[in-house]
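Can you read through this structure? Questions will come right after.
We call the chains A, B, C, D and E, going by the order they appear; numbering starts again at 1 in every chain.
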Amino acid sequence: MLEQLKDTIKKALPELDFVIGWGMGFDALHATPLFMYEPEDVDKLVWGPLNVHNLATYLPALKGRKVGIVVKGCDSRSVAELLQENLINREDVVIFGAPCRGTVSLTKIRKVIGNTGLIEDVNYADGTLTVKAEGASHEMALKDIRADKCGYCRFPNAVLSDHFVGEKRAPQVEEDTFEDLAEFESQPFEERRDFWMKEMDRCIRCYACRNACPLCVCRDHCVAQSRDPHWLSQQDGVRDKFMFQIIHATHLAGRCTTCGECERACPVDIPVLLFKRKFTKAIKDTFDYDAGLDPEATPPLLAFKANEDNIKEKEW
Amino acid sequence: MSKLSYAYYPGCSGQGTSMEYEMSTRALCEALDIDLKEIPDWSCCGSTPAHACDHVLSAALSGRNLGLAADMGEDCVLTPCPSCLTNLKNAGQHMSGSEEFKEKVNKLLDEPIGEIPDVKSVLQILFEDLGPKGVKEKVIKPLSGLKVVTYYGCILTRPPKLMEFDSEENPISMDRLMEAAGAKVLPFPLKTECCGASHGVARKDLVMKLSGKLLDMAEQLGADAVVTACPLCQMNLDLRQGQVNSANKTSHKLPVFYYTQLLGWALGLPQAQLGLDKLCVNPMPALRGIGKKEDAA
Amino acid sequence: MQTVNLTDTIDRSFMEKVMEESEQNLSLCYQCGNCTASCPYTFGFDIPVSRVMRLMQTGQKKAVLTSSSIWLCASCTSCTTRCPNNIDVARVMDVLRHVARREGFVKERRVKAFFDSFLDSVRKHGRVFEIGLMVDYVRKTGRFWTDMDLGPKMLPKGKMSLTPHRIKGKDAIARIFKRFEEENR
Amino acid sequence: MKIGVFVCHCGSNIEGTVDTKTVAEASLDFPEVTFATDTMYACSEPGQDGIIEAIEEHKLDGVVVASCTPRMHEPTFRKTLERAGLNPYMFEMANIREHVSWIGKDREANTNKAADLVRIAVEKLRRNQPLTPKEFDINRRVLVIGGGVAGIQAALDCAEAGLEVVMVERESTIGGKMAKLDKTFPTVDCSSCILGPRMVEIAQHPNITLYAYSEVESVSGYVGNFEVQVKKKATYVDWAKCTGCGECVEKCPSRKAPDPFNELLAPGRAINIPFPQAIPKKAYIQAEHCIKLTKDKCGNCAKVCPSDAINFEAKDEIITEEVGGIIAATGYDLFDWTVYEEYGGGRYPDVVTSLQYERMLSASGPTGGHVKRPSDGKEPKKVVFIQCVGSRDKSVGRPYCSGFCCMYTAKQAILTKDHIPDSESYVFYMDIRAPGKLYDEFTRRAMEEYGAQYIRGRVGMVYPDGEGQLVVRGADTLMGTQVEVKADLVVLAVGAEAAKNSPQLAEKLRISYDAYGFFMEGHPKLKPVETNTAGVYLAGACQGAKDIPASVGQGSAAAAKVIGLFSKEKLKSDPQTALVDIKRCIGCGKCAETCPFGAINMTEFRGQPKAEVLETVCQGCGLCAATCPQGAVQLKHFTDNQILAEVEALCRF
Amino acid sequence: MPVLEGRELRIIGFLCNWCSYGGADTAGVARFDQPTDLRIIRVPCSGRIDPLFVAKAFMNGADGVLVSGCHPRDCHYAEGNFYARRRLEVFKNFISVLGIEPERFEYTWVSASEGQRWQEVVTKFTNQVHTLGPLAPVPEISLDRLAATETAQP
């Protein structure tokens, strides 16, 4: 299938400035974004559970250039969302899709193999990933080290593509039941607050979450750093760090496709995706809307109904 | 439609002065496939004397029966008697509305009440759940030519916030049922005027005047009979009709039916089940006239 | 007629008690008279119901509690049904009877006697025993001729049982009354 | 920045429960406050002068007044600042009266809260920028909605002042309720005699365009420049050709159509001219009752019309009018009294409404001015009037007094005696409300000279006695008992309610309406004909039940407001508009997508898409500011930073 | 001056100028007694209210936030409250994940004529927040420093 994908890209390459995909990174465990300008670049393309990055993040900055992009199902939703928001032009982007079997969580792998320096070899087959590091071989079932988001994946195939290679896979689940949220919210309110206090205290304010987010499009004008408007101070305190996460999540309400890049990028493993999951659930419950499926849709927070179906007027 | 089934509270008068109401209600419901499950060991609701004495006592007397009904697993209690209806409904509504009141009531009871069932009149069920259409389908002896006035009495639909049934000023449920049975219903403007209620014993003079007025109006409209839904109304108009006549120097001879008796008649139920012989003013002339006038016309 | 000295006779605690027990705000009454207009008993009342409401507004406790009207009210709820201010007037009348009973004001002894006989019958048998009730009422009032004429009409029809209906729970009913008395002692 | 704080006593209104001196002292601790004082009446002349003096003496460049609601006096104090040479927008108010002193008696808590409100006003003011309004042109045309007496008055006053007037009337004729009346109180002069000539003036005035049988479909734009879509409903008669001869009405065989002008007393024809003095006097077809339009038969009218005016193919038409001001004069409707089942709920033909009775009394009515009972056509000898039907009655959701029923009932009692000298009238009333000029005298005349029997009490029920009369059972609370009257005819003084579809019109005009559907005036005392929407004014009963003199007065008042508005060379826009920070804007267009006024355009700047605010179109709602995630759109005077500073001020301390 | 210790909680109201601010004025004119906790911030329209203002209030130590605008269909700006309704509803849902009880935040509609309704809203909301009690503010500094300052203080 990978070969088929390479062929397809090679065929399309002459029409494009370049195609973004994944290649092997500094070791076998870490894939890295790959910019393919020439056919020989295409040969470096990899496809598999290590293709963790959402490459759509690059697209808004490339607006106006003709590029190709290789997408997993979740990545394709980000592309759709960017199209909906006019942040990229459809005619400038060529989308290459392939069925995704889920990606790994490097954090989970680290928990198994430890903070090892040198990775010697990585193999995956039949749902098992084998990592050789510092002489030891670790065999891990893919489902144990899978990124959480892949557990409730409904769109393993690109929702939008110009070229789709391989056989479409059935979704992991029909319906996202948000069990992770339910579990978190089974705690009393005070414990939830305490949890976040401690988590936010750990935040180093690196903004990796923001930078990895394909829909964080303000870039140089992020309210986190501006004085006008002055939403946040630069103080290294829990309050501003917490507020930043709330701002990030709120700005993504109705837009976020829960691609999970924010959480993946977090160097201290704060589960910041949970905030977005909550908004996503609220949007789904209230408006029966999923972001990033239809570039033509009007997102619910930019619309209204005189009589809302699922919003009850208060009796007082 | 699945068979209609309810807990049933007959009320004390059904064991005595209004036994024909009780008999005919049961016979009618059986004929209409409505299952009345008598509340086991039910007791008196307390009626007016109880609520005139104290609201907690009144609610406790009624409440005991609501509790028994809930124990049966029923969520709706039917009663034919408007006075029982008022007391049971008042008790239920008051207790649902105020935990404090419910607590006071429970203090008087052996078994505290938990769930509070809904209470409706048999008439409401016949009108709303079965409907005039459902009745009409089963009529085999239409009451053609029988001119009646329907007299609902003062508390069957009032106060509207409590009863939540029919109109408080111009109720029509019995009218429609009577029409379904083939009778001609005359426009009776005093449908909800009080007959004198329980003052028959202590202040007969009041009843003579009020019931007298009702009978006068019915007569004037040319009614062959009065149709009622309340034991007390029926007693004042029927049993006391003689007293009314002598007090007011009138000579009414108006039979006063329970609506269940006339519906039962139209459904062709045996007379014995309808208790027509229990009425004081002889109903037979009016009943014998059914259909005749139409033939003549 | 005499001058009512409002400064001295307004009994505010009485007004408040009736308002609290009836859960009705008496100041809502603007004296339109619709209750009096609608009340079928006005002809028999010594004080029409709208005037009872007015006397309540001015705290005239004695005038209200010594009236016949509060006993003759049959709770037909015409007043409640038609009150433009949604006052449950019938409930106010009910509460006035409660207060009158508690404080020993009973203008209409026969009405109260009938109520008492009724409740005694319930207390004793669990359900009303109609003949027993009548006998008791006659004993209480001495009015042995009450409804004598009706007996011959009813008895042959078998409508009046000569023995009470016994129910298993009659002791439970008696306990309700007993606890009620204890609560209100 | 140097800020001065003035804490108003408002006599004892504020000082009674707020220690203003303490509030002023506390204010001195707030950042940049260099002067603070309490003052007796900040809005009075000495109060304003005190502010001006302080500005000069202390070189203030911003002022906070802690007093009443800014909805009342913000414009007043802005002018004060202007007089002192400051930009009027360097001003904030703290509402320590309506929001503090009047809603609680705890002096400590109130004083504390008042200081907090001053604090947020100071924090907001610190971030205020001087603003200058933009000027824009006015379209000097006015739309009058409703052709009743209030609308007629407003239209004529405007037209006489030289303005172009567009009048839209829902019915096929103007005249409103007044045209249906026989006589008017307290003078008992003929209604159509005094209204008729004014209606004719409307038709003939060169400055007035009348759209009858039309409704306002939509309104867009803003003060000075509204665009209004008017729906001309199909009449199936070409009014340019129709001469109003009435031939068609004569020959129309459909005789069961409703006749709304005669309050449905008698059936009318499918094609109809409401009454002889109708303006415009043109026929219209009630489609659902027309045999031709429903069954494609008949067509008599078309056959007999001498001017060939009938057009069965007619369709509704939409016309666009551009105006600078709007006067709503949509009047009232009668309460649907049939909820009163105790009065028969419509079952008894001889229980009629006051307006039906008016048509019976009127010579142009279906009985030619002879009072006849609907049931048998007999002349009634005993007439009972029941007041407050649908007024002052919480149980039917109408707790308010309709105001004019006492008067017209007295009038009708007088007229009854005039029409039927041997008649007797009974009037059931609760209170006589007759506070107008010569009004009380008039009701006295009904009793003293015309022998109307006034009975103080409501009526509990009305029912037929079975012998042709109606028993009216009421109370006479003065006599202290129940009373019964046997009546031949019962007339219900039915109360007024907001005209049907008032809320819908209010939504189109973007004005407020109360729980009953009456339009809300700008201020109950000081802005009785203004609304909270600039350029939209109210006249007549659409604002609340009122009688003819009051409606006419308000019609003139609304006209004066429009004339005043149009007398300005140019209008100034509120400068509190949105502003795009072009650096921050990423051109996503979400602001333009949600702006309710189309006040944001997408333009290009150095090849990048950017949003741009049209200042005179922007109404200052700030929806764009809340929508923009980049914070690139800010609403002047309500910027993110200002609101954040207010939040911070409340939370920090 | 802070809120009155032990008696008041920090409750912030965002009110639209045309309806709810006017409704609060109407309540004042009618002298409808209300709890004193609420401090009102006036905004032109409920549509101006970025839910993040509400978040900011909670972060900074507000115990309750009330938003009130014109009734749906009655917005002075035609549509502002329709958007506000969606945004605020979703936001109300959201805050529970932060560990903030949704009952601490309400949005409602009060017209300029509804003085009595305003009184009811304020009273009910204030009671509701008092039932939940104070919400601990999120520390402006790191937890370590907070602990240090707390031990430093007796």
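Quick notes on this one:
Basically, a residue touches a chain if its C-beta (ideal position, glycine included) is under 8 Å from a C-beta of that chain, and two chains touch if they have at least 3 such contacts.
Keep in mind the model is a prediction, meaning the values are calculated, not measured.
Separation of chain A from chain B in touch steps, taking the shortest path, is 2.
Counting hops only between chains that touch, chain A reaches chain D in a minimum of 1. Compared with chain B, the chain whose C-alpha mean position is the greatest distance off is A.
Counting C-beta pairs in contact, the pair that comes out ahead of the other among D-E and B-D is D-E.
Between chain A and chain E, the centres computed from C-alpha atoms are 34 Å apart.
The centroid of the Cα atoms in chain B and the matching centroid in chain E are 54 Å apart. Here the spacing of chain C and chain D, counted between their Cα centres, is 50 Å. Between chain C and chain E, the centres computed from C-alpha atoms are 51 Å apart. Residues of chain D found to touch two or more other chains are 342, 461, 594, 627, 640, 644.
Looking at chain C, residues 43, 78 sit in touch with two or more other chains.
Multi-chain contact residues of chain E (touching two or more other chains) are listed as 56, 60, 73, 79, 83, 87, 137.
In summary, the structure contains touching chain pairs A-D, A-E, B-C, B-D, C-D, D-E.
Per the touch definition, chain D reaches chain A in the complex via residues 581, 583-584, 586-590, 593-594, 609, 627, 629-632, 634, 639-641, 644.
Note for the complex: chain A touches chain D at residues 85-87, 217-218, 221, 223, 226, 228-231, 251, 302. Those residues of chain D that touch chain E in the shared complex are 26, 69-72, 95, 97-100, 102-106, 108-113, 115-117, 120, 503, 506-507, 510, 512-515, 520, 532-533, 576, 594, 596-597, 619-623, 625-627, 635, 638, 640, 643-644, 646-648, 650-653.
Looking at the complex, you find that chain A touches chain E at residues 181, 184-185, 189-198, 200-201, 231, 235-240, 242-243, 246-247, 249-250, 253-254, 274-275, 277-279, 281-283, 285-287, 300-308, 311, 313-314, 316. Across the complex, chain A is touched by residues 51-52, 55-56, 59-60, 72-73, 79, 82-83, 85-87, 89-91, 93-94, 96-101, 106-109, 117, 120-121, 124, 136-144 of chain E.
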